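The structure is given below, and queries will be raised subsequently.
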Amino acid sequence: SGGDSEGGAAGDAIVAETAFNLKTIDPHRQFEFTGSTIDNAIYQTALEFEDGDLTKPTDGLCSYEMSDNDKKMTLTLKQKDAKFSNGDPVTVDDIVFSFKRLQGIEGNPSFFLDGVTVKKVDDETIELISKNPNPALPYILPNSSIGIVNSKVVKDNEGTTDENDGAEQFLNQNSQGSGPYKVETYDADSKVVLTANEHYNGAAPKFSKVVLRNVSAETQVTDIQSGQADVSFDLSSDQVETLDKNAVQISSLPSTRSIYIFNNTDEEIGGPTADPNFRKAVASALDYDKILDLAGENGQRMASPVPNEFNGAVPKDQAPDRDLDKTKKLLDKAGYDGEAVPFHYASDQAVNGMDIAQLAQTIQAQLKEAGIKLSLKPAPSATQLDGFRAAEQPMGIGTWGADYPDPSNYNVFVPGGSVAERVNWAEGDSTEIDELAAAATKAEGDDRSPAYAKLFQATTETGIWVPLVQPVSTVVVSNRIESYVSNADVTFDFAKAE
Amino acid sequence: MSISSPKQPPTNPDSTGAEALDRNPVDAGIKRWRLRFPKALRSPLGFVGAAILLIWLLVALFAPLLAPFDPLAQNFGRLVAPDGQNILGTDTLGRDVFSRIVVAARTTLPAAVFVVLCSAVMGSVLGAIAGYFGRFVDEIIMRIADLVFAFPTIILAMVIAAALGPGLKNAIIAILLVSWPSYARVTRSLVMTARSSEYVIAGRLLGFSAGKSLLREIAPNVVSPIVVLATLDVGTAILTMAGLSFLSLGVVPPTPDWGAMISEGVSQFSAWWIAFFPGLCILTIVVAFNFIGDSLRDTLDPHTAQEVGETTK
Amino acid sequence: MSVSATDQQKNLRPPKIHPLLRFILVRIGISILLIWGVTVVTFLMTNLVPTDPVAAILGDRAAADPEIVAQTRERLGLDQPLIVQYFTYLGNLLQGDLGVSNQTRVPVLESIGQVFPASIELGIGAILLSVIIGLLLGLLSALKQNTIVDHAIRTLSLIGISAPTFWIAAVGYFVFFFKLRVVGGAGRLDPWMTPPPRVTGLYTVDSLLAGQMATFTNALGHLILPSCVLALFTIGLLTRFSRSSVLDIIKLDYVTAARAKGLAPRTVVFKYIFRGALVPIITVVGLAFGSLLSGAVLTETVFAWNGLGQYAYRGATTLDLPVIMGVGLVIGIVYIIVNFVVDLIYGFVDPRVRVR
Amino acid sequence: MSVISIRDLNLTVTTGSAEKHILRDVSFDLEAGKITGVAGASGSGKTQTGLAIMGLSPDRSTLSGSIDFAGTELVGLPSKKHNRLRGRQLAMVFQDPSSAFHPMLSIGDQITDHLRHHRKVSKKEALRQAIRILGQTKVPHPEEAVSKYPHQFSGGQLQRIAFASAIICEPKVLIADEPTTALDVTVQAGILRLLRELCDDLNLAVLLVTHDFGVLSSVADTIVVMESGLVVETGDREPLITAPQHEYTRSLIESLPGAEVSPR
Amino acid sequence: MTTTKDDTRTPAQPLLELDNVACEYKLDGGGRFRAVSDVSLQLGRSEVLGLVGESGCGKSTLAKLICGLEKPAAGRITFDSHPVKPLGLGRRPNHLLGIQMVFQNPYASLNPRRRIRDQLTDALALDSDQTWTVDSLLEAVDLPLDAAQRFSHSFSGGQRQRIAIARALAAGPKVLVGDEPIASLDAFLQARIAKMMRDLAIESGASMIFISHDLSIVHEIADRVAVMEAGGVVEVGSTEQIWNDPQHPYTKKLLSAIPRVDGKGIIPG
């Protein structure tokens, strides 16, 4: 195709395409994929995951040390040559301000540092004191939401560390980070352009410009093949399959997202779903292989909501299999009379290329074979989420993306957790699980992983959550890019592409 | 907001000669009225349209017999290209595209006809009231119609569907709410012309009340243009429904639906058959209604025909 | 049958203002009333939407905290009665404040300022195409009434108004861009191109103004397919309408009179027939512009054309109320203004209104 | 010497699959300086006869026979050549003056565009002539009239303007199709007088189509009576009206109030 | 404005009386147009009043006023000692049903979608005396009996006008208003239809107001003539009087403009 010569026109710009879910690139407010992809390129963080190894946080701007009781973390400024895009050096004050701003402005990611007190010790040291033992903290700090901003400039532009903060618009248009790039133009609806930060203390990126375009997945297919784009984030496995493998490079990574069926525990709302037998019947009625097929080549089974690569994951060979005889028995036990259960899902959503609407239809067809009737209730994701949040949906598809790679992030699925509340599952509903949860929280060091695995196994066994699949995060890169880095931490590292 | 000057049919000096009859457009139209349907179908376009429609009606009627497979069963390989078994291929979930297309005719056709019937009734009743009673009743109804006109159909329908949730019922409500004004406009203008026409005044002089003359004298004269408009509008309704489904705001899956199939298909360019054939179905059926409507319109007198034509969106 | 001028004047109580001025004033009045109506409809419509804007504003995490929710609700005035909310909304509107998107936190007016020129560029492209092609085809078809040319044009125009836009868009994109490469791809420019310095916001115009020929050709290459797709429906509409409108005119005495004067056929067609047919056609062009705006939603989605349609679609599916209200208002106003202008043209073109 | 001599003119029109014989063997002459009136009930083919001379017969009609115009055969004349005669040699005035003018073009424009086309005169010169001609047809204030629009005139005035437009190129033949039917009697008299004057002054051969024997009785020199496409009687005005020979003519005239027909 | 009092009063109580009636139209561009001003007229029983005047002088407007189809701006109209009220949305009051009208345009005055029989029956229902039947009506206006089953489109203009006359007569009117009922007919039919109207009206004991701009026909059928100019009545008198001794210059002008069918080649006026 003529794409190559046309692509050549792109010169030192790298064009990446994704279907935007961009709300802001103020690091302390952003909480979505697009925002964090951008902020990853703009901001440095106190700690990092080197080479995408999510199990081991490493030094970023700072090095760290945890106290024995996991209550105190000491950060020491390590990269003293780091400079913001306006040339100011990165100081401890900037880090402290960034942490405090994250906490104070009550944005979506504020919870990251819930219960943590930030204290400047001297010009090189910061202390983070947690009320409760907080072993997850090193796993939290690499998140791009905790990017370090230039405190002086941000304060000059209405930035504060409480809810009166007014620097969001400013930060969208004028990024204040020390990462390899800075914002050139920001248009939340269509396009964000980044240019190289000439003060960046690392190796200067090969591509001095990054264009991130808002493009639907179907258009990404044609664009990546025709040389209109260099990187595509949202292709489904079916779409990837059709690509000319000689013209593109494909990198698939295990996703950090989980897709599950939720069942409401309140009989008034859920009807049959309040019955554990029914829920378990659902779990054994699904044909997981076919679902896996939808997710594409490297999709994985899940035995709990926790991704397989994380600490605390239940080994995937323990995931249930299809067993229609069992289903039949369970349904008989539940006394299910064939009534149609409303099944809610977001009709306009795809998770790592997995179309939720298609998944829902597949589930419906499979459950029908097993004698369970679903009536599909699609809605735009905003509406669907409203109903889910209000705990009004009997059954449906939920998705969870890891905020940080630590099992404690999945406590939301445990009774009393924020997601569990949406199926009316409260603390005290199951003493066994409450005990397991307490044990997991208490566990330290190497004990944590098995303790959490036990907790999530028990949680999953209730059938309230039926984990479906851990999709693959597929990044398609055009052949114009000779080498690149794509890992579980940064889906695609613009600065390292050549 | 259209400026329409009520045109009186030309009055020419006349004779007793019978051949003079053809010269008055009003009469010419009326003379053909009783022969209209068969005659309209005799025009080549009308015939082709009727034939296509007939085929589709038969398809819808006998869908269960025609569909070789269960349209919902995900029994085949996914994205299989058209072959001997799946003559139009399979979709992303391994369902037979041909069976889905055939069965989809069962939802689309009745729904479109139903929505058009409802909006034709609603619109023409409102339009007749506005046209006959005039003054502020007219102002209120027509300004509301203008407002609806001022909103792009699909956006309004989109918001309504998004608010009420997707689903055939809600799509129908949405389309109903945006499509009545064209009927209101046409009816109003026809009623206004008829109201001041001499035969209606003659009736009033004979002691008909306004309501009686509206029902007995005006209504029969308004019906045929409305029928024509409605025929043309079925096509529009099908397109709007397909558009809503395309934006996943229409028919709820897994019910087969052409618009939804296209939307699914465009994400799979290489599996072109998923989107291509349903598009063709929409095209042919809308063409059929438009061909028939157009031939019917040709049998109306020019003034009325223009009235119908002008307001069709 | 006319009355002699003197009789008319004797019994005439002349209007206090010139009829043209009055005509304009009445039109302005109606337009303002309609725009007000649009504000009411947008407001009511979005208030009927059963969703909680606060949750959308705060996002998933923060919405879980009832305290923050209550605070936000108060800050946004959502605890006030509906009527108070409406007047606040109206007051803000009058100050040019359309609110802030729940999703992106960007002021709606600013976003619309961004996406509007894109839609206008597409709309103008499409309307130009449809007017030129539609009128010529319609004229040709009428002049060759009942010939094979006429039948062909009529059939094609009927098919044109029957095709689902989004399907044609997808097929067109696949064939002309993906397979044949004769047009530009999705978006308004190739991704690595920098938009021209903004003057009008229309890339084709701005690039010409800035003398950037490469950008111009690129923008044009991207514009051509979506505007053709979008124009397809209106071409059909205008062809049909101008045909019937020309046929109406052809029958009139003044056309026979013009032919009887031995004028060149071209003069008869363009000076007499076309001019006569144009007045009703102008009205339909106004209406067609409205249907273009509708069609744009679907077309823009397929072509990743970052215009009002896509903005509206995203607003509607995320139930981003300020966005929906803003777009509804803007499109309503554009529609009303277009029709106002059409009415004015109508008034100016027709000497019966202009001259007394 | 007749300016136009029509012989055995036949006109058939095909509508759909049916063929309609509109004119059957029509023959009569038009002479310079004389007004030839054509009378007949509605639909008898009066207008079509006039249009056939102008070469404006309906589409899909066939014309046969002969129309001789000063040596030129008009039947079968290529339309380009006919077009050169129209407006310049052959002029026509229509029944309803208010619909014979384009509502959106000024009077000056409409009565001079054929002058400019045929004679290639300048716009200014054309307007000058227009004003002169309007004066000749007694339109009040000709200088202002040229810049006005049709709706600003009464029917009678418009018909005068139509006559002005017809004679501005100094034609030899003028066809007037019911020029007074749409007008009031008082206005009609003025128009008839104008027609007579123009015919005499310019030595025009006039074909006056009408079904009003009162009008014919006032201005026509010769009268042709038609019945469903056939000429039933031709003759000089006075004998034809007072002593009609054909039964049809007789019945027509007798039906008129105040007609003075000599008893048989 | 020259106005003339109607001084040719019929001795007894007049059937219809117009007293200083005026009517105004609102114009599209604003402003008002006074189409009829200060008209006083009387109509006796079994009499035919001709109303003449040039186009646009207000004849139709006057006819509409009489039928209550326009609202008078001033003045009073009395029919059979009842005031004529403008027609609103409701039924026309019974005592006013005695005024019926025949319109100018025969193509528009019959309902194209209803059979002739139905339209005549509607009218027959009003006449308590049962003077007519559908058949006798058709016979009276010289139409074949099978006409009743047909729709209006199968009739020529002259035939339709006769049906319209039949319908007006069927209601048993006391006043028949004909608004240029012959104007759109062939010249050779006009006199015939006009005479038929007069004969039928008088035979059934009604009076008639006959509006026309064709003076020679009015001369044939009217007992009295009113001449209108620019919204006002300038002269009223018996037909003979108007014809032989017109007083008003406008009447004179009007009369002298009628061309005579005498073959003399004299242009009138």
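So that you can tell them apart, the chains are marked A, B, C, D and E in the order they are listed, and the count of residues begins at 1 in each.
Definition applied: a contact is a pair of C-beta atoms (placed from the backbone, for glycine too) under 8 Å apart; a residue touches a chain by one contact, two chains touch by 3 or more.
Keep in mind it's a predicted model, so treat the numbers as computed, not measured.
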item: Shared interface partners, meaning chains that touch chain A and chain B; value: C
item: Selected pair, greater C-beta contact count between D-E and B-C; value: B-C
item: For chain B paired with chain D, centre-to-centre distance based on mean C-alpha positions, whole Å; value: 49
item: Whole-Å gap between the CA centroids of chain A and chain D; value: 88
item: Cα-centroid distance, chain B relative to chain E, in whole angstrom; value: 46
item: Multi-chain contact sites of chain B, meaning residues that touch two or more partners; value: 12-17, 20, 162, 249, 266, 269
item: Touching two or more other chains - residue numbers and ranges from chain C; value: 1-4, 50-51, 174, 178, 301-302, 316-317, 319, 356
item: Residues of chain E engaged with two or more neighbouring chains; value: 54-55, 186-187, 189
item: Chain A partner contacts - residues on chain B that touch it in the complex; value: 72-74, 78-79, 92-93, 162, 165-166, 248-249, 252-254, 264, 266-271
item: Of chain B, residues touching chain E in the complex; value: 8-9, 11-18, 20-21, 24, 26-28, 30-31, 33, 133, 197-211, 216-217, 220-221
item: Parts of chain C lying in touch with chain E, wherever the complex brings them together; value: 1-4, 7-8, 10-17, 19, 22-23, 353, 356
item: Residues on chain C engaged by chain D in the complex (per definition of touch); value: 1-5, 145, 252-254, 256-265, 267, 271-272, 275-276, 279, 349-352, 355-356
item: Contact footprint of chain C on chain E as seen in their complex; value: 1, 24, 27-35, 37, 54-57, 229-231
